[in-house]
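Note that chain A is present in both complexes that follow, paired respectively with chain B and with chain C.
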Partner chain A sequence: MGVSKRLKSWMGDVRVDDLRNRLTDLAEQSMDRHLRLAVTGLSQSGKTVFITALVHHLLHAHKSGSLPFFELAANGRVVGTRDLSAESSSPFPLRDAIEGLSQPSPHWPQSTRGLSEVRLAIRYRRAPGLRRVFGDSSTLFLDIIDYPGEWLLDLPMLEQSFEQWCESQRQLFMKEPRRTVAAGWLQKLQRIDWNSPRDDALLQELSREYSTLLQILRRDPHALSLLQPGRCVLPGDMEGSELLQLFPLVLPEPVSSEAPEGSLRWTLQQRYEQYRQQVIRPFYVRYFSRFDRQVVLVDCLKTLNRGEACFNDMKQALSAILQSFNYGRSGFLRRLFSPRIDRVLFASTKADHVTANQHHNLDRFLELIVQDAQRDMGFEGIDTRCMAIASVRATQAAQAHVDGQTLSCLRGLRKDTGEEVALFPGEIPTELPGSEDWTQDRFRFVDFAPHRLPSADLKSSHHIRLDQLLEYMTGDQFQ
Partner chain B sequence: MGVSKRLKSWMGDVRVDDLRNRLTDLAEQSMDRHLRLAVTGLSQSGKTVFITALVHHLLHAHKSGSLPFFELAANGRVVGTRDLSAESSSPFPLRDAIEGLSQPSPHWPQSTRGLSEVRLAIRYRRAPGLRRVFGDSSTLFLDIIDYPGEWLLDLPMLEQSFEQWCESQRQLFMKEPRRTVAAGWLQKLQRIDWNSPRDDALLQELSREYSTLLQILRRDPHALSLLQPGRCVLPGDMEGSELLQLFPLVLPEPVSSEAPEGSLRWTLQQRYEQYRQQVIRPFYVRYFSRFDRQVVLVDCLKTLNRGEACFNDMKQALSAILQSFNYGRSGFLRRLFSPRIDRVLFASTKADHVTANQHHNLDRFLELIVQDAQRDMGFEGIDTRCMAIASVRATQAAQAHVDGQTLSCLRGLRKDTGEEVALFPGEIPTELPGSEDWTQDRFRFVDFAPHRLPSADLKSSHHIRLDQLLEYMTGDQFQ
Partner chain C sequence: MSEQPRYQKAVWVDPSQLDTADKAAENSMSAQEFSLQQITDVVEEPPAAVTTQRLARRKGRWRRVFGVSLTATLIGAVGVELYRLLDWSYTLHPAAGSVVSVLLVVLALSGAVQGWLALKGLRQLRNVERLQTQARELLQHKGQGHAAGLLKSLQAHYKESAARQPLEDAILQLDSAYSDEEVVRFLSRHALTEQDLRARRCVQRYSVESGVLVALSPWASFDMLLVGWRNLRMLREIAAIYGVAPGAAAQWTLLKRVMHNLAFAGLSEVAIDAGSAALGSSLTASLSARAGQGLGAGLFTARTGLQAMRLCRPLPSESHDQNLIKSIAGGIVERLGKSRPID
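Presenting the complex of A and B:
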């Protein structure tokens, strides 16, 4: 105030006020923050619903009170949120998705098959202490980037030679269900002389069959996660490209790296190299290395229902994903691009399909799954957390009585029959399942039909912990 | 080796070897560590059973394999454990207690009514890297000191004047069940002119009645924890002392500090001062400020069964206890004695009375109870943790089926009827109970009869998490 008084006596009131406003504007603009939050998922874990619900709650955060543990909203500091997705080159189909969820009989949005983006401008009031210095309000530009988990699972290939990749695939195809599902294809590979000259028709046929195999393994009842190359599962904008005529050479013995130039094996080696250079690397440089934070969605319940092979595959996929983040921080990728992901959240979806009494167990269960990989890796500066969430809550709490005790239950519509039920939905195991759990079909979590998300008047009971997730992923950015 | 060769050529082999052994002995002795672990409990939480079982497992740790998460034992590094309790001036009755627990129909040891001590010498092999420098093995002297939780609850009085103490008691006695239980005594206090001259017979009568009140409030069905002065509940070696003829002046209005010399009120003020100087302070200086680590046992299940008043009282008592540790670190007590407690474990006992599926909830529940106090205090350098344990496991896992799902249950002997049952024991709430939980009698945890602890051949199934507790409290001391 002292300085501005002296300036006013010298320059006149109006010009000083004008100058001050302009400086405030400038300071505000330079203080606007940009946060790129990537969201991906394993085995159809409800990524599109998650993004839709999250954004829907954010767009109403200035008035709805539906996010009590998201401090900015709880303290009434959200001024308003604008959807700027139209600015993006691949906008997330937000309006259709929200409309679909708020229908009387809601339908889930089509799952996106490539990369898409929600861009939000969250205007908020600063924390009291900062207002005098930086002005009353500020804006956080939040990009939520949706990309297939399959592409994330390609990153480990950046560190593997073709032979190493074939060997890791050989290990996978030695086990069920891959072994049986792929039996015919594997026999075909075995009968071929891989040192014979390149035969494009043969490679095209085998790669088409391999892609079909990946699709089968991805679907029920197998529901596997660790499927490579990711673009052979979800080509995105590469549909039909020759680069995707690629498959691992899975033979009874490990393959050697020496291949006669122009041979079948040599051609696959070359394609693998091209895939790494022209598909994985650009994805890594253009997107992955520019994300600030990552949410990985996992449907633990479905995986438990599907049985041991599905569960183990998910565990391996999560390890591979963790490794990708680690490569980025301290491995060879860092030397190339220095990515900046500093928080990774593993979110166990469908927390509404078990009782609140099991939520801690669900948090802990995902921790159990990733802890081996975490321990082996020693993250430098990446904070990882596991959290059970539900994007659109489909059930309500209910109670039953057993042996004179209250037992927490759920009320909701069964997805298979459509009837309203109140039932005990089962327990989340406190340890990784043992072999007897699998043989005895221990896990039979019921699927509940989706619940309508109103287009306005949102409540905290419409989700589970989306607010805690927002707080963890963005809370420190609102200053 | 170079040095010892040169020494040998100069002094002769035998004397050098002798010297080396003596130096090793000396180094070893100076490296022996001493750890003073204090154990106390709230509302008859099974402290004596806990210490007995813990020591019993430790005495067998070199051969039993019953402590898989206590790394020293799991890695086979325990050479042997000796009981040196006889050296103590107040030995814990270890042999009787172990014998009692291993009877065919086991009985719990008599609860100690003062301070007593187990002194163990744990001989162990050093970690490989340290062996060359410090010798093969070392000894940790572990003192486990058992003292009544009531005495711990006296520590806050060190910071309160008589008037402040009376006021805090007045707040307590305004609520149930204290108000009703103490109604007659409170009326008596009200009828007395406290400025009238000292009358020893009257004070003796009122203090005797007050002690009786404390005993009633301590027992079922009230089972309160926050009872002061602690020695009026458990006098220890002060039985009959005039110092204990002390009670708070609980009147409808706060009492003022001005009291005519020689009056009744003045006498109580003096006694309170004496109690602080001659009872609390010496306990603090002689024992509390010399403990290294503290275990506080809490029986959450019993407290939930007893209802709201009992539960709130326990919550308040735990806050007061946490405050005592904090006083010691950073408050006025630090300036006087600099105590050294660096870890405090709150252990929720009787974890065997709920299913494994509820253990995380039981950990978290105790965290919920203490977290307010923790947040308010800002511990400097004290690590606190909450853990659900069972000293002697009285139940086995069982299963029931509800709605086609597996429900975890327990098998054991009911304490009230003695019959073997398999039942669903109830859930631990995931939030602090609300008023409707109390009115509806939500919590009815069943008491199981004690199980025999064999005198040898101990297994990890005989306890729950005693090994994790040992690891946390002592694991870093074995070097």
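Presenting the complex of A and C:
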């Protein structure tokens, strides 16, 4: 204890924690195989449902046959899976989520409000050729964390100074719909002399207004994603902290001069620094810097429903976020010392909201959203793929016979009203629609209530491509 | 809606007005709602059937005329001779006559059965080839709903075989969300498991056997005969496992193709062989020259068997068979080490 305290006083808390994590990893990795799977997705993109379904299927993989494209399970090589999440200080609420989904009238899990961890131990029989050398069976530990998608938007701020952040926000607030929604607040900011001495009441009032603004922009009809700082949207355990009285200084022209000490501007600057150092950095170092593989969940249908502004905003948010991860080949030594992500899967979630013949188009549309990030990753030599998935199916494929013609359509219960509907939800475009094509009535992706997910005896019809995702993400790890 | 041809719009359709709304829907494929009575669930039957092009078979016209006339002449000549034989035997003695006629009837019957089997085998082999091309096309295809044709042909191919049940089971498990590519991969992985296993065992058994036979036989000049004999039996068995009737004609065609493929083996295979050779060197260090020849013969049989599997399997397989070759080599060496005649 004493040593670590002294070290902390020399090097700063964060560094020591970082170092300690690295050492723990090192010890673990030399004994067992570990795989840290990053599940990245904006809010409401389907992270919690995805993790729940994945873990649920894995826990039954030794007997259920619900993962036919996951070679390990299809070959019957899974001995058993154990959920070790209880060891963590904040375990993932798996039981609640599964209970909600397996009720007679199943419902989706609540939106996540804090961070939680899952750890699975998957025990498997080795491939025939390796048994003689390494023994009959082995264990892979799979680590996943779940967190509110809002917090992800904090990661890009780690790289930005206060001035840079204000500038990027200024660009955003120059465009619709932010400009109109925020007009009143922006005018207020303009009227204030930011070099005048610190006034806590004023800052508090402005930050409260800013938070309200973020909430409005987050909701329908805008449904924007790039909302910073994330903790102002969803404070979690920081509710009421003074650090959250933070907002960007969005003025008509960027201010370049040095802020006088003790002034309003200076105060904001300080808070921003503190927010970065005390909130974002520990969060990043502890949970986000050490992934091996990454799944990026994207809700493409939301953007199609909401229109161009929503699309552009999501695209920008995703590229900003993805720049915060460590990409690069993980050679053996590199892997020991600083693990890097060497494989990324972009998944468009909720694929059950469209008919199966649109899945390929959904892949193509997803590529439009992530193409920049994908290009950069390709440059680093990282494997990427796009896939349309549904973690828990909510619809059933059906056919309508109209005028002697057969049309594929979907049948399911509406999430909001619970009434049964059948519809053809429209075609997914494979190119970016022109601005005049984003009309209200082109797409109709309604949210459905989930099908009941049984607590045992899972089938492959309970998900779409979860098994292929698993195979791509983890297949090469089971040797 | 139809004035907007650039994309297909979404429309809520009031179920009671469906008839009027359909017209527009038909042209533009917009989003629409249906009443629940109107729809039927899609379970395992994929919608559209695929049209497969028949391979146009070209044959020289004169060649056909020649073939037909030759056959006609031969059949005529043989028929006349047989008739004379029958006639003559009756004049000799009625008993001799009846014996000869019984013989002739038996000959005709067995000949017909043979011919029918051969034709069936050939047809099935062609069928396999067609299935494979169709499956390869689907593997390249990104869309959905074109696999029904392949499923039908597969079912027809396995109509009377024991492999029918696993196939039906796998087809039942197909998900309505699978794309064509996924359907093929799923079936390849899950419908043929049993057959793959049996075929691999068969290849392994014959390879080890022929390897050991060659190594232990005292007459070096019979090697080729021995190996050829084992290989032919193996081809028959593999064909039968994958549902190709093992007639002589099919066997012959198969043999020709296998030899052709072996002779023109692609680079990848050469690499595999290099691998197995490297593996062999550690194994063979302790073997005598004769045993080395045995190993060679065994590996040759194994490669023949794997080629035959590839040709008889109705769906293309992606698995690499390096492991099989290794285990076969291991098996032969082990047997020879014990230096015990095969059982």
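Convention: the second predicted complex is superposed on the first by the 404 of 479 C-alpha atoms of A that agree within 3 Å, B and C clash if a C-alpha of one lies under 4 Å from a C-alpha of the other, contacts with A are read in each partner's own complex, and residues count from 1 in each chain.
Everything below uses one rule, namely that a contact is a pair of C-beta atoms (placed from the backbone, for glycine too) under 8 Å apart; a residue touches a chain by one contact, two chains touch by 3 or more.
Note that the structure is predicted; figures quoted are calculated from it, not measured.
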Next on the checklist: Residues of chain A touched by chain B versus by chain C: which partner has the larger set?
Outcome noted: C
Next on the checklist: Contact-wise, after the overlay, does A:E253 reach chain B, chain C, both or neither (first, second, both, neither)?
Outcome noted: neither
Checklist entry - Should A:T406 be classified as contacting the first partner (chain B), the second (chain C), both, or neither? => result both
Next on the checklist: For A:A397 in the superposed arrangement: first (chain B), second (chain C), both or neither?
Outcome noted: second
Item to check | First, second, both or neither for A:H360, with chain B first and chain C second | outcome: both
Checklist entry - Looking at the overlay, what does A:R442 touch: chain B (first), chain C (second), both, or neither? => result both
Checklist entry - Which of the two partners, first being chain B and second being chain C, lies in contact with A:E420: first, second, both, or neither? => result second
Checklist entry - After lining up the shared chain so the two structures overlap, which partner does A:T430 touch, if you call chain B first and chain C second: first, second, both or neither? => result first
Item to check | chain B and chain C contact sites that coincide on chain A, given as residue numbers | outcome: 356-357, 359-360, 400, 402-403, 405-409, 423-427, 442, 444
Item to check | Parts of chain A lying in touch with chain C, wherever the complex brings them together | outcome: 68-69, 74, 128-129, 351-352, 356-357, 359-360, 390, 396-403, 405-409, 411, 420-427, 429, 433, 437, 439, 441-444, 460-461, 464-465, 468
Next on the checklist: Please output the residues of chain B touching chain A within their complex, sorted ascending.
Outcome noted: 356-361, 364, 400, 402-409, 423-428, 430, 442, 444
Checklist entry - Quick one: in the complex, what on chain C touches chain A? => result 6-12, 18, 22-23, 25-26, 29-36, 38-42, 47, 142-145, 173, 175-179, 182, 185-186, 189-190, 323, 326
